[in-house]
Each structure stands twice: as C-alpha cells, then as structure tokens.
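Per-chain residue numbering starts at 1, and chain names A, B, C and D are given in the order in which the chains are listed.
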C-alpha cells in the first residue's frame, strides 16, 4: 500500500517505460492465449451457450425486447468474464511464474494494468462474438442505437474487468477455486448490470439517449474501482 | 565424509570481495499466522561469497530466502542489500538479484527463446533479443530454443530457468533447492555452473537440504534451527556429521 | 470476582433490554396510527433504526478493513469480521420487515422496489464477505483478502444506492411524521443502536478469545517452508 | 391476516432475530470463557 499511494500523490503520469512494460506483458498474455487458444475458445462457447439457453428460456418466438436482450447478454458477459479472469490469472499461477514476475524491476501497479488490459482484450473479443450471435438468434434489434449500446456496454465491461482482475489475483493466489470468484464479483457489479439494463430500456423503448445519473454511475464505478484496485493490487499480490 | 577442496580466489572474485557486504539482515524476524518462523536474525554475507543455508523442514530457510529477495516483507527488523535498506519498493535493488527455485518459473506455453526475451525486455535490457540468444547458447539450448518449454526435460527446464535468472547479469544469485528433481548429470552441471558463477564474482546464497553437497560446494554454511542461527562457519572446518546433528536436534 | 468490566456489560445489556421494553410500550400505546397507510406503518419504527444500524455496521466493517490495510494488526481484522456478521443479521431484519410491510401494503411479498432491492444487495455483499472469510484457511491471507473485499464492498454501497433508484418505484415517498411519531422513532433509535454496538463488541470479544486460544497449527505454518511463492497453491 | 397481525409478526421476527443472536453470543462467550478457566490451570 506504500509505493502506489506516494505515486498517487506525485500525479498519475504513467511514465513511458510503464506503458512499454504493459505492452510486453499484454503481448505475452495474448501470445500465451493464442498458443493455447483455450481461454478464448472456452469462454466464447460458454457465452454463446448462455445466450442460447436464456434466449430459449425466455421464449424465442416473440422478438426479444432490448431490455431482456441486455439482460441475456449481461448474464453471458458476467459468466464468461469470470471464467476469463480466472484463466488469465491462472497462467501466472500454473507456471508459478508470479515470483519471477514480481522480481522483475517493474511496479506491481503495472502488472495490474497489464492483466486488466489482457482481460479487457479477451472479454471484448468474447462480447464481439456473443453479441452478434444474440442479435442473430433472437432478433435483438440493436440497430436503433448501436452506439449508445456499445458505449454503455464498454463502460460497464471496463468496470467489471477492473474488479474481476483484482479479485482473480486474490483468489488465484490462494487455494480457493471454483465459484468464489463469481460469488465475489457478481454482487459488486450489480450496479453495472442494473444501470446498463435500465439505460438500454430508456434508449430503446423511450428513445432517450443514455445520460444523467445512469452514465454517471457507470463512470464513477469505473474510476473508483480502477483506482482502488490499482492501489491495493500490490498488497494483494504479495504471496 | 569428503573434505572440502580449498577455494582458489580468482581475480574477479577478489574484486567482488572488496565491495563489502551484499546482504545484511538487521534483527530480522518473521512470523506467519502467528507462528514465529525467523527470530531476530543478524546475518551478513559479503560480496563474492558462496553461502549455503541449511536446516530442517520448516526451519525457515526458504522464508529467509524469500525475504532476502524482497518479495516477502519481514515482520520486524530489516534487510540491507548492496548497502541500502531493501523493501518491496526498491526496484533497482531487485535488478541486481537473480532467483532460481525448484519451480522453474517459466511460461510453459512459450518457447525457451520467448521466455528469455520476455524477461530480458522486462528487465529493461538494452538488447533483449541478442542477450536472450546469447544466454541460450551459453546454456546449450539453441537447438531447441523454439519449442514450447512444456516439452522440455526437468534438467533442460532448470537450465532455461537459470538462464532466465542470469539474463540481467545479477550480482546476487538466490537459489532455493535448485537441485530438487534433477538427474545426476544435471546436478553435476548445475554444481559446476554455480562454482563458475561464484568464481566470476557473483554472490551465491544456496538453500539446500542436502548437507553433504552444500558443504562441498559452499564456502560458508549457516544452519537455521527454530528460526535462529545455530551454526555459522566456513565449511572448511565443518563436518557433515556435526551439521546433521545440529539440524536434527 | 465481578470486575468493573463485567458490571458495566451487565448494566449495559440490562439498560438496552429495558429501553427496548419502553420502546415497545410506546409503539403499542402512545403512537397514533398513521392516517394514509394505517397500522402497518408502525413497522417503520423498527425498520428505519435497524436500517441505519446496518449501514453503521457496514461502516465499522469498512473502518476495520482500512485499519487492517494500514496497520496489518489482527485487531482491525477482528473488528471488521464482527461488524460484518452483525451487519448481516441486521440486514436480514431490514429485509424481513420490509417484505412484511410490502406484503401487507401491496399484497406481494417481494417487489423490486428500490428500497427492498438495496437491502437485498447490501445483504448479498456482506454475506459474500462472510463466505470469503470462511473459505480461506490461513489467518493472515484471510485477513488480507477480507480487508480488500470489505473496502471494495463498502465503496460499492453508494453506487448500488444510486443505481437502485433507477428502478420503477411504487414505494411512497417518506411520509411526514407527527411529533409523537418522531418521539417513538427516537425511542427506538437508542436501544437499536445500543444493541448493535453491544453485539459487535461481544462478537469482537469472542473472536479475541478464540484467537488467543487456538494453538498455532504446526502443519499449516510449516507449509510456507517450501518454496511456493504463489501463495499456498500447492 | 390483518395489518395489525403483520405489525406484530414483523416486530416478533425482527426482535426475535436480534435478541436471539444476542443470546447466542452470550452463550458462545460463556462457553469460551469456561474453556478458558478449565484449561487456564494447564497453561
């Protein structure tokens, strides 16, 4: 908790070196991911599976309203996202490389931002696959305001990834596996799910562009939890 | 009981010794979950030294090594590396430490070359690609540099791990039970490599459970028992039987 | 050998009990039934004080978590744990009374109204806190993870409150209280707050005693002897 | 059930839960206390 707080005092200008380090780390994560192709494949199939099951469950005959569309997509994102966080952090754990990573002369906040970036790349890739599938299968008519949908969803996913990455580091660096990560992440991200579904309702049903408190909550969520996770990550990572 | 051969003091090693203490612990204690693992340790290791840390299981030797590597903070007291106090934040101190363990700490899906290049870049070396390939040649792995590390034998994995630990040319090398799980030829080549590195002026701290081997390799042995230093002597006058009795009693 | 401490605690609990009796008496006899909502509104005098106490217990848990984050002292961690347990109990009462109120006023046990949803999410957040504590063995590791979760959960509460207000709300706005009603509310606030403080303190004392008595488990403590820097993953 | 019935149910459940927990803590505290005394002699 020490170094990050002092640096926060001296302004948040990430020096160029950290950006380069983040690039190395993210490149490594994505290379491992492309090599094993496990996470992306597994997670995407899970996403599509959830959309299908929920879609059928909610009655695929009548066209999906945008409200239930967002809800179905959210459930898919949440579950595949948690699996994705667990897997990207498991890479450091299975190969026991975390110690070598911590020995490197890089700041632990950088490790957090790099893991966050890797998780974001993966989960946005999954979202990019699952959303069209949802639209295709159930005729979610996102065409009315695709930009609003994209903005709200991306903002929410960033917040979700910020918390998910931090918790996956905590859970992965101790024996408890299984559903605990999901159990920890879901209640915390409920505001995101609530707000994004409500905003989508407003946008698609009442044709009101997302704004006001809704967007404010999303942005506040992202800012608060990015900062707190970045500060706390170093302390949590300590074996 | 083989008697330890005297250690020829090579020229670079002599230079290293002038640099004074590399590692110093000042009333260092560590307790984990309420149990005292290390109690008030005051150990000093000079540059160029080759020290073996011995002790029974749970005597705290691995914990001590982790604290020296700045990855785990002490509960009380402090450690001084290369002369100034080291905390988890001292990034440039960590640059001068290399770390080997019985876990290879490599990405199994990446190839040996990719692993070394990654760590070289992480350490901010000027020419990471060249440095990585030179380390591969030195450890005789160029032939299989492109294969993913998961297909390597235990001996080759350890060689890549050592290459990773030395890629940034550290002055202090921390080795925690590096011989675990190695076959005879790999053990011999690792012993030779460590001796060679020590002659090249690197300080080596070796945590080992094989007393016989440690006395043969290291110049000085520190035996930990109950978190305290039971024996701290040069290995020339120490006999395995004595140390064994210290460790087990 | 009654030390002053035990005398004080006995007196404290007696006073709390008496004040509760007094509060029950006032709500039964003295407070007028509210005009628009009828007698069901009388649940309010228990519902609101317990809701406020729940929030205060969550705040104490947050303070304990931040305290542990700063000081790494097991006492802060015990405070956070005790406060979280009490918060869950209190929140259960809030949920129960809210649901009963909803059932009597609108006919269904559960409506996704902002207040009820907020209590539910708060309840979930701190039940998960207790589940996290239960699923980690090593006390030090458990304290670290609980502290981080405690901080994140509490920071999430205002966001939940804001996002929940976007839900369609059939709950009436806060109704204006006659002076007698305000008096009853005060009569309820004092004992409920005292009870909350008492519960947290007692739970804290129990945890201090149990920690002092647990013989340190040799095996668990010896585990880190092996070189497993990625926590106790082995 | 009349609304008065619901009020009584709410208070009964609420106070029951709160004071039930208090009593539970009281007994838990005492049992630990006694264990403290009985093995106090040993340590």
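Keep in mind that, in the parts below, contacts are C-beta pairs under 8 Å (C-beta built on N, C-alpha and C of every residue); 3 or more make two chains touch, one makes a residue touch a chain.
Everything numeric here is computed off the predicted structure, so don't read it as measured data.
Of all chain pairs, which one counts the most C-beta contacts?
The largest set of C-beta contacts joins the chains A-C.
Which chain lies at the heart of the structure, taking centres as C-alpha averages?
Here the chain at the core of the arrangement is A.
How many angstrom lie between the centres of chain B and chain D, each centre taken as the mean Cα position?
It comes to 56 Å between the two C-alpha centres.
List the centre-to-centre spacing of chain C and chain D in whole Å, with centres computed as mean CA coordinates.
15
Report, in whole Å, the distance between the mean C-alpha point of chain A and the mean C-alpha point of chain C.
Spacing between the chain centres: roughly 30 Å.
I'd like the Å distance between the centres of chain B and chain C, where a centre is the mean of that chain's Cα atoms.
Those two chain centres are 50 Å apart.
Quick check: what residues of chain A touch more than one other chain, meaning two or more?
96, 99, 102, 238-239
Scan chain C for residues touching two or more other chains and write them down.
In chain C, residues 138, 228-229 touch at least two other chains, as defined above.
Can you identify all of the chain pairs that touch?
A-B, A-C, B-C, C-D
Quick one: which bits of chain A touch chain B in the complex? Just the residue numbers, please.
2-3, 17, 21, 24-25, 28, 31-32, 35-36, 91, 94-97, 99-107, 234, 238-239
Quick check: in the complex, which residue numbers of chain D touch chain C?
Within the complex, chain D contacts chain C at residues 1, 3-4, 6-7, 9-11, 13-15, 17-19, 21-22, 25-26, 28-29, 32-33, 35-36, 39.
For chain C, which residues count as touching chain D in their complex?
Going through chain C, the ones touching chain D are 13, 20, 24, 27, 38-40, 42-43, 46-47, 50, 86, 89-90, 92-93, 96-97, 100-101, 103-104, 195, 198-199, 202-203, 205-206, 209-210, 213.
Residue numbers of chain C touching chain B in their complex, please.
Going through chain C, the ones touching chain B are 138-140, 216-218, 220-222, 224-229.
For chain B, which residues count as touching chain A in their complex?
Those in contact with chain A are residues 66, 69, 71-73, 87-89, 91-92, 94-95, 97, 99, 101, 103-110, 114, 118-119, 121-124, 148, 164.
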